[in-house]
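Labels run A, B, C and D following the written order; every chain starts at residue 1.
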Amino acid sequence: MNTPLDQLRNELQEVNHKLLALLNDRARISHEIGLVKEKQGVPKFDPIREKEMLEHLIANNQGPFDNSTIKHLFKEIFKASLGVQEKEHKRTLLVSRKQHESNTVIPLKGNTIVGNGSPIMVAGPCSVESMEQLRTVAAALKAAGVTVMRGGAFKPRTSPYDFQGLGIDGLRMLKEVGDEFGLSIISEIVHPAHMEIAAETIDVIQIGARNMQNFELLKAAGEARIPVLLKRGLAATLDEFIHAAEYILYHGNSQVMLIERGIRTYETSTRNTLDISAVPLLKQETHLPVLVDVTHSTGRKDIFLPCAKAALAAGADGIMVEVHPDPQTALSDANQQLDIPQFNDFWSGLLGSGLFNR
Amino acid sequence: MNTPLDQLRNELQEVNHKLLALLNDRARISHEIGLVKEKQGVPKFDPIREKEMLEHLIANNQGPFDNSTIKHLFKEIFKASLGVQEKEHKRTLLVSRKQHESNTVIPLKGNTIVGNGSPIMVAGPCSVESMEQLRTVAAALKAAGVTVMRGGAFKPRTSPYDFQGLGIDGLRMLKEVGDEFGLSIISEIVHPAHMEIAAETIDVIQIGARNMQNFELLKAAGEARIPVLLKRGLAATLDEFIHAAEYILYHGNSQVMLIERGIRTYETSTRNTLDISAVPLLKQETHLPVLVDVTHSTGRKDIFLPCAKAALAAGADGIMVEVHPDPQTALSDANQQLDIPQFNDFWSGLLGSGLFNR
Amino acid sequence: MNTPLDQLRNELQEVNHKLLALLNDRARISHEIGLVKEKQGVPKFDPIREKEMLEHLIANNQGPFDNSTIKHLFKEIFKASLGVQEKEHKRTLLVSRKQHESNTVIPLKGNTIVGNGSPIMVAGPCSVESMEQLRTVAAALKAAGVTVMRGGAFKPRTSPYDFQGLGIDGLRMLKEVGDEFGLSIISEIVHPAHMEIAAETIDVIQIGARNMQNFELLKAAGEARIPVLLKRGLAATLDEFIHAAEYILYHGNSQVMLIERGIRTYETSTRNTLDISAVPLLKQETHLPVLVDVTHSTGRKDIFLPCAKAALAAGADGIMVEVHPDPQTALSDANQQLDIPQFNDFWSGLLGSGLFNR
Amino acid sequence: MNTPLDQLRNELQEVNHKLLALLNDRARISHEIGLVKEKQGVPKFDPIREKEMLEHLIANNQGPFDNSTIKHLFKEIFKASLGVQEKEHKRTLLVSRKQHESNTVIPLKGNTIVGNGSPIMVAGPCSVESMEQLRTVAAALKAAGVTVMRGGAFKPRTSPYDFQGLGIDGLRMLKEVGDEFGLSIISEIVHPAHMEIAAETIDVIQIGARNMQNFELLKAAGEARIPVLLKRGLAATLDEFIHAAEYILYHGNSQVMLIERGIRTYETSTRNTLDISAVPLLKQETHLPVLVDVTHSTGRKDIFLPCAKAALAAGADGIMVEVHPDPQTALSDANQQLDIPQFNDFWSGLLGSGLFNR
């Protein structure tokens, strides 16, 4: 039996199918317009024409949809059509997993490879202070089987009166220790002009959180010949983080690792809030290795171990942690650096969890 | 002359107009279906049917739009059609200025009216402590020409070991002082069962920030016979704030005032961050009076005056500030209460700015 | 040889030891004053006297310390002395691990125990909709070996026009299904007056995020005879969360579980930001079981599994997740509920990780 | 009569005064040690020695203060003593009002002065697009009596595929228009190497929000010969903002203006949250002019006017707003730029408020 409701539903279905056909007609025409514009070298998005079309439609609208609904629906249709126009030529992001399905892997010194499923540990002092300090840490790392060391030569500091790092001398000291102990070296670079010296002295350029949207530095890192470790900004969205990485790839360097280091929130019991969901989301959206810095995200030694475990369980490709022979006397960030016995405990806790050797 | 581009554009325009006609056809059918359903007492939104329609359309989609685009566009169309279905009966928010264009005005004791364009000042101690304390403040307010006093009888405190207020005794003390000095009294109520006693003792029920989404309390306030001052939650969006007010109106009480009291952010130099843009946005979206609590938003006496001026310049209908005869010995929130001479300075600074008598 | 520096250092050491002796003398006297006051029933903290003492000291200060430094140092000394005064009687928090070193364990139906080192899974629909819906989920949980089901009977919703839940009928339906399938039932209670009916129908009272600082509800939950699952507020600090739990223990109920459910931040790629560091911090500070709600913290099915793994690796005592037979047609929160096959995948992924059976 | 309490209080007072004398003795010795170290060129803060002193004191502590209290109190004392050591030579911040009580005033073209009590208006397009665009805006500004124009030549954009600005050509176009209409020009500089060309073409260098902690850029701006407008970072604390300005002064440029442009919070109804309390706090803490960017702080044209009024009422030295001849077709940030009639309304609303001519 055919109720009035059934009849109305049939009518609705018919209209739906006519709409479907028309929408696809529209997409086809729109695509052809795109091809013509492309030949003419004219941008495909033409906001003035869109405005005119909308005005025309609204002038002819007899309801029952009101004008704002019509405007909204056609804007959606225009946007979708534009997507078709640009589909073939569209620059999907270079960092996107849709562009490049397999994981980017980054080989470092020796047999260390980042992003191949076996997580890495990056450890070392906040700042480079002396050869003795570096050698003490390097020896401890080597003894523990850790192959990547970090150390800050250029220190971006809130106050101009704080210790700003040893600069190029620091890079040279890192190189010497890296060579001596066979460790790969990661160090932050803060000036576009220093990419050359970085490539000569260290193995991985770190771009710090405060410089995540220093696009001139990102462009320079894109032209560098060594891998880049990009830190998430203090309050960067994942979308901004991904696009910052895109700058580096777009300028020629595909050896990029991402590192979550906590975001700025209202919570004060930790230095920042470790955004653990960033790990699976970045792994899903991009093909780049994703690390987690437990030092800056939490700022609390007492929870480095459970947070590092969480990071690995969430799929992180590595952990970064600060280690100093004598944190009490460190020139920067004393409270959140592990001393060497603490690091050894942390490291064996992590190895013991089974999460490090997935 | 007719270029190929012109021709394509003409085709596009034709398709646009066919789409327009079809969309409006669809809206008409959808509206009729709604009327049938209404007679049958069946809900108009039928997600299962929507799902079927989408599946059917996708099964018939031949591109160039891909399935996800078709799904997206039809979901937008369905949503818009539903809007037509419900348009006549749709409950636009009661708080909305679209529903009720003129300002809600709330008469208090004497000639005081909230929301009529002339801002009010609400001052008084954080907590009710003694009759002497209340009388000292009330006398100072009366001398200054201020007609509304606040005082906390029920104090929602983070810790169960902190002073929780004098409760119903406190309300009675407030009533006595309000009567004696001819002041309207605002005090926070925290339990749905206390609305009755509130209506007998005070003039305005305050719903505190921590209870902004305590919907049982909002419903009870909706049934109360006296005006309500609703504080924005610690981290409430404006949308949530507006809907919390809607609960009170929906349950029968249209005498509602809103008060911005700062939101929780990463910034620590102020207790909270005064969201000044909330003032014009709430005035624009709703017809309710909007006040600003400079005490809790900033937590800093040294900037109460410029922030109160900013609030008035942005269109606020009133200012709330904490005043205590001896803040140093206050049982709660000592650091952010003005003493009486400080209040008099604040008040004359505000009067002198010309912003109070717009 | 004794350099001038050595000599000065010796002097300094001498002064240090005199200060040490004097500080302890002061603590002793202060303690005795406390005992006298206690006998007299007078509060120990006397801000007016402190102020007088400070003024007196400043009047006698001859430098080189400036007055503000002297004020600061003596305030610290006063505070420390007060600590001594109150030490014996001080109410350390009942939730604190310092008070109660061993883990609180909470037995539920059958052999399920929360907090004994073996994590639990809590799953079920956002809202109770029908017996059929509940039975479908319950059967799936039982088949998977899951023993605790959640379901919302009272739904605190942003808008008064949204589905508010089936209320007491919903509780009764939950009881029936819980009895039938041998599952423990968790459901949210929003009104202090409903604790009695909760104790008769369900196994665990949930206090929702919006009510975390609804202290009247916390007090009522403290008087309830069944365990309580307390959700962290939308933007609550850990300190506030811990104190909210303290209200429940202080009012008599020691069977409290905490649940992290994401905090409100600027990031929009997830519904909230899962604060993973809250897990180890809450385990460290309190003796209560700590769960993680992956549904509300992320709002994204596509990362439930890695986030649940991270929670367990960080030490969580359980995971909560929303499951619905047909999320598309659910009356609330459709996008973030797993359907049953998705839940089975999630569950086997978690079991397969080895993290569930530590 | 002398009660036991009185007697104890007298004892306490005596101890207080002995402590006062000893603390000042300690400060004196500490100061002398500082002088010796200064001669030797040794850093005054010696954490290892502090640690030894603390250990020694704790080894000798016989209570009733427990070791952690003793440690805490002595750390406070050490810190205070260090303050005395460094007092004479201490670098108080150059930006601090304590260093420089009177307002910094910054003269621009013609008679425009920033920071002298009479607020300025800065308006112009987000991006420089064409001479015609610039001339249209410049003519409108000139007609309105506005003397400062902004326009972006270098555009730091989230995506490398977005329009990055006309670069140095854009600066030259700005110069030409500035000269033609007698307007001072503000434009953002993003690379340290561009300070020279900036000084030749524009009147004020803007450092953008994303570069607030790009310290290499700040140092370069410190060496520039023209004034700098420093924007607050997306999620910068006021302390970080103040120290970023300090970098510029420290490197030689005292002509610095600060501009609040909204901070990143959870609220989504505005683009950012305008932190109005930043205005009085920055005016209080520093001697620099403080402006407010209503465009980026709110992102909503509909509340530019009340927010600009609020900024002026709070004490701002100027307002910045984006104006474009045709915002719909603008190459960037279309939704938040005023067109020229809208700007004229905004401007006359502001003039009419009386807040502009304080």
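Some observations on this one:
In this section, contacts are C-beta pairs under 8 Å (C-beta built on N, C-alpha and C of every residue); 3 or more make two chains touch, one makes a residue touch a chain.
Which chain is which protein? Per UniProt: A, B, C, D = Chorismate mutase.
Note that the structure is a prediction, hence the values are computed from the model and not measured.
Judged by contacting C-beta pairs, the busier of the interfaces A-C and B-C is A-C.
Within the list B-D, A-D or C-D, A-B finds its counterpart interface, over half of the contact pairs alike by residue number, in C-D. Remark: subunit B and subunit C have CA centroids separated by 28 Å (rounded to whole angstrom).
Centroid to centroid, with C-alpha atoms defining each point, subunit C and subunit D lie 38 Å apart.
The distance from the centre of subunit A to the centre of subunit C, with each centre set as the mean of the Cα atoms, comes to 32 Å. Across the assembly, subunit B contributes residues 235, 239, 264-266, 268 that each touch 2 or more other chains.
Only residues 235, 237-239, 263, 265-270, 273-277, 279-281, 284, 297-298, 300, 302-303, 306-307, 309-315, 353-355 of subunit A touch subunit C when the two sit together in their complex. Contacts from subunit C toward subunit B in the complex involve residues 47-48, 51, 91, 156-161, 190-192, 210-211, 213-217, 233-235, 239-240, 243, 246-247, 250-251, 264, 328-329, 334. Residue ranges of subunit C in contact with subunit D, taken from their complex: 4-5, 8-9, 11-13, 15-20, 22-33, 36-37, 53, 56-57, 60-65, 69-70, 72-74, 76-77, 80, 83-84, 235, 264-266, 268.
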